[in-house]
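In the two complexes below, chain A is the common chain; its partner is chain B in one and chain C in the other.
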Partner chain A sequence: MKIVVAYKWTRDPEEASARPDGTVDWSRAKPGLSTYDPVAIEVARQLAAETGAELIGVTVGDKGVGTPLACKAALGRGLDRVVTVEDGSLADAGRSELAAVLAEVIKHIGDVDLVVTGDSSMDVAAKMVPTVLAGELGWPAVAEVTSVTGKAGELRVGREIPGGAQVLEISGPAVLATSADAAAPRVPGMKDLLAAGKKPVEHLDLAALKVSPQNAVMTVTGRSLPERKVRKGQLIDTADPAQAADELLTALRQAGAL
Partner chain B sequence: MSVNAWIIVGDQPTVGNLVTVARSLGGTVGAVVAGPRSVAEIVASSGVDKVVWCNAPDDVPAEANATALADAVAADPPRVVLAGRNPGERVLLGAAAARLKAAVLTGARSVAVEGDGVVVVNAVFGDIADETVAVSGPVALLLDGGSAPSGDGASVPIEEVSAPPLGVRVVETRTHGFDQVDLNAAHRVIGVGRGLKSKEDLALIEALAVAVGAEIACTRPVAEGLNWMGKDRYIGSSGARIAPQLYLAIGVSGQLQHMVGVTGAETIVAINSDPNAAVFKETDHGLVGDLYQLVPAITAALK
Partner chain C sequence: MTEPVEPDFDVIVIGAGIAGCVTAYQLAQQGRSVLLVERGEEPGSKNLSGGVLYSRGMEQVFPDFLTEAPVERRITRNYINFINGDSSVAVDYRDARLAEPVNAVTVLRAKLDPWLAAKCEEAGALIMPGVRVDRVLTEGTRVVGVQAGDDELRAHVVVAADGVNSFIAQDVGLRKKPPQHHLAVGVKAVVSLPRKTIEDRFTLTGDEGAAVAAVGDCTEGVGGGGFLYTNIDSLSIGIVVRLDDLTAKKKVVTDIFDHFLEHRFIAPYLEGGEMLEYGCHLVAEGGLDMVGDIVMDGMVVVGDAAGLTLNTGLTVRGMDLAVGSAVAAAEAVGAALDQKNTSRATLAAYREKLFASYVGKDMETYAKAPHFLETDRMYKEYGELLADVLYGAFNHDLKPREHLVKVARGSLAHSPLKIMQLVKDGIAGARAL
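Entry: the complex of A and B
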């Protein structure tokens, strides 16, 4: 059995800021493994341990995603090997383009039984790349996955639905997007990181993958800052909680909020 | 110019906002329903021009009809496909987008037809900035679904398609036992964060909620991880976006992903013991202090 974890090496918008012209300043943001991807790796790793499956990490993106630093960060969490597509032209790629490239990488690896992803990427957080990927492959996708057991062709998948949970049986290859709390990721130790440096990394050339083109072209014609309400930013002295409470209620009544 | 749109529906007929957006584009509006027949029947009265329903065995989840749904959409290719922000709908929208080789945008604040393009103002990177994006070709949009139609409008006929579903079966369904809530309907909302030390302490918050007349909501880790509330109660970029008269953030650090869910709130109050908490940058009235002292004091003052 072959399990692929599609992960992202990217930046956290919490460390970015928007300039007055609407462009985003990422200069203070350090790239890293996207917040929820360690959860996906952990879920896949446990299934691989039970089934003896090979666990392959795949990432596609801008320059930097294939660096030794980035690959080790992913490999240190228990992947057997990593396949990357690193290309400057993917810097501004949309969800569909990224999904189409991922689909070609999965075909290139061959005989993949399962693709596991995180809940959402920390930068774009669209939650759509796994679902478009499944569409490209003609496989089913399931989101909010909390558990995966069984083996290829006979997977039992737990997932959250609005208001509850379900158990699904999946009889063929599939793409599963894990919920943010599907597993507690292990923190890689020194030994894991040392071992990670020796694991195989394959870099694929984007042009050689022959990804079929999209039917839509997106052109950014303007940027702006979202309109935000101006907040009063008043601090209420809390030395005496009862007095603070009164002061707050007076302010809220004045604002018509109560 | 006008463009045609398909609305994509899974298990929930919550399409009010999708119909409004699709109608504003001026062309025909169809809906494809991959969930149960009962959902298709409600959607048929939502103001769309046609409904296609993917007929499949009962133990098949909506997602298993992704290929059938993509086929139906591609048979009459639209410029715009829309779906609501539920896990099932995301999967179905992804299948349609892959088939159409469409662009995908998930932060649309507005959608308009200009010349022969579709122009979307799209919030990016946790809503810190907006991009105006002109799309030539098909575009798939993930939006807030809105409410379900009342069901007493005139209905359009339902066309049926059946294609072999993908290999997924439901073998068990459980409800999680949390009360379901429509946070958007609440005028006042209290948001609880990890500053609360235990689930039992929610009693403090409940007492305040009764006194203020507020719904209780939370941050993501409180619903996911701590599991103190249902996931429909967490606010933020991946949860609910609300615009109440009052939002009271208690023990909430105020990270970007949480606060984008309340930017529309009329008044924001925060209680946090850390004077440097990010939440204070986006509040009208801030109380730096221990919630265990301040919350009971506010509840008492309201009585």
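Entry: the complex of A and C
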């Protein structure tokens, strides 16, 4: 059995700042493993450990995603090997384009039984790539996955749905997006990181993958910040706690908050 | 003698700050197998430094340091400032000789440390960020490796470069918890400003930089001082105050820092800037007294962890001493590995080399500085006295003028300072600095 974890090496938006004109300054943001991807790796690692499957990390993106530092960060979490597509032209690639490249990498690897992804990427957070990828591959896509057991062709998948949970059985290959807290990721130890440096890394050339071109070009032509709500700045200043509580209650009622 | 088990590495360095990186780099260059373990997700993410690096030592290790490394500005202007509430007296020392050869540069550790770590990697060291070493492994009196979580790795020599608190050195009993009067707390912010604005406000051209050192009201009279350094397009501003004096005067360090930022003589430099970073860190100020035992069987201690910091009042140093200690340590560790004897006796060559170098010599020269800088008068009365003398000279209130000496005597008579204190402090200062 072959399990692929599609992960993203990208910038943390918490370290970015939005300029008044709506453009984003990423210059201080350091690249790293996308927040939820360690969860996906851990879910897949546990299944691989149970089934003896090979666990392959796949990442596609801008220059930097294939650096030794980036690959070791992913490999240290328990992947057996990593396959990357590192290309400057993917810097501004949209979700569908990234999914199309991922699909070609998965075909290149061959005989993949399962693709696991994180809940969403930390920089875009659109939750679209797993679904589009499944569409490209002609496989079912399942989001909010909380557990995976079984083996190739007989997967048992737990997922959250609005108002409850479901258990699914899937008879063929599938793309699963794990929920944000599906597993507690392990912090790689020194031995994991030592081993990571010795694991194989394969760099694929984007041009050689024959990804079908997108039929439409999408360009961002405008950006704006969300409208900032004006705060009331109301201060309740009294020595008597009971009176302060009364005033707070009155103020909240007047504001329609209670 | 070395340990019977063949270890995983020749050397494990704990901490990828300046001392750790430079030690690891040089040992890797000697062809040793080196592991550099760093607690932060990236080197430079856990430490805090004022930001002036006296760069000559670094150039001995990296000849192209000034052109290759991410340095900010060459310091050609040192502005030493006694700041009172409403007055300030400064010495503005500018010198082209400070630019060629370059003497000191401003650095931002978030940029410098990753560069240093990359150099280590190029030289063949293995870097492990995001790993916190819990303790060193010992067998008898010998350190044989490190433990992090469930994992243990062994080495012929462990280098403790884990910073001012050095839990590693404390854990193995090399260092005691330093007394409070040897410790200070630093608060620092990085404020972004356009390059042109910085050059205009500090009258700088090109990559020239300014370093402002301030004492007095900037720390609300608490022992310590303020600093303001120019980077390319940001300012590093901060205060360092002695812990014991802070406690005695019942002040809160962040309040003092806010007071400094808002001070009428400081705020104009920062106007319109945006705060990019804000941090707090312990600073060792014990000088020579803090350098304890730095060698044991299988381990050496370098940089801040070894207590190697100097505050002379005019210059505040740590990073260049870290470089010097790393050079001494790498030589001694290398020689010990060649002799296949990494005992305390062999590694003691590190201490000898350290004290034969500028690091040890300077620590000895300024051994009395910490005590002198504990003089309370430095932080309040002297600045006010200087301003009063100058006020007497410049304030033409239509009274007949007096010779400056007389004005100074008059000011001293009104100051709480006594002439004997002045003489005593003068002599002590001359001896300490």
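Quick notes on this structure:
Quick note on the criterion: the second predicted complex is superposed on the first by the 232 of 258 C-alpha atoms of A that agree within 3 Å, B and C clash if a C-alpha of one lies under 4 Å from a C-alpha of the other, contacts with A are read in each partner's own complex, and residues count from 1 in each chain.
What we mean here is this: a residue touches a chain if its C-beta (ideal position, glycine included) is under 8 Å from a C-beta of that chain, and two chains touch if they have at least 3 such contacts.
Predicted model only: the values in this text are computed from it and were never measured.
Aligning the two structures on chain A places chain B and chain C next to each other without any clash.
Looking at the shared chain after the overlay, A:G52 reaches neither chain B nor chain C. Of the two partner chains placed around the shared chain by superposition, chain B is the only one that A:T219 touches, whereas chain C remains out of contact. Judged by the number of chain A residues each one touches, B leads among chain B and chain C.
Centred on chain A, the angle reaching out to chain B and chain C in the chain A superposition, using CA centres, is 120 degrees in steps of 10.
In the superposition on chain A, A:E144 makes contact with chain B only, not with chain C. With both structures placed on the common chain, the touch criterion links A:G110 to neither chain B nor chain C.
In the superposed pair of complexes, A:L193 makes contact with chain C only, with no contact to chain B.
When the two structures are aligned on the shared chain, A:A126 is found in touch with chain B, with no touch to chain C.
By the touch criterion defined above, A:G32 lies against chain C but remains apart from chain B after alignment on the C-alpha atoms of chain A. Per the superposed model, the minimal spacing between any CA atom of chain B and any CA atom of chain C is 11 Å.
The residues of chain B lying in touch with chain A in their complex are 11-12, 61, 63-64, 66-67, 70, 86-88, 90-107, 109, 119, 123-140, 142, 166-176, 178, 180, 188, 212, 220, 224-225, 230-232, 237-238, 245-246, 255-257, 263-269, 280-289, 293-294, 296-298, 300-302. Taken in their complex, chain A has these residues touching chain B: 13-14, 16-18, 22-24, 94-96, 99-100, 119-120, 123-128, 130-136, 138-144, 156, 159-172, 174, 179-181, 212-226, 228-229, 231-236, 238, 241-242, 244-246, 248-249, 251-252, 255-258. Those residues of chain C that touch chain A in the complex are listed here as 8, 37, 41-42, 126, 128, 130-131, 146, 148-151, 153, 276. Chain A contributes residues 28, 30, 32, 187-194, 197 to its touches with chain C in the complex.
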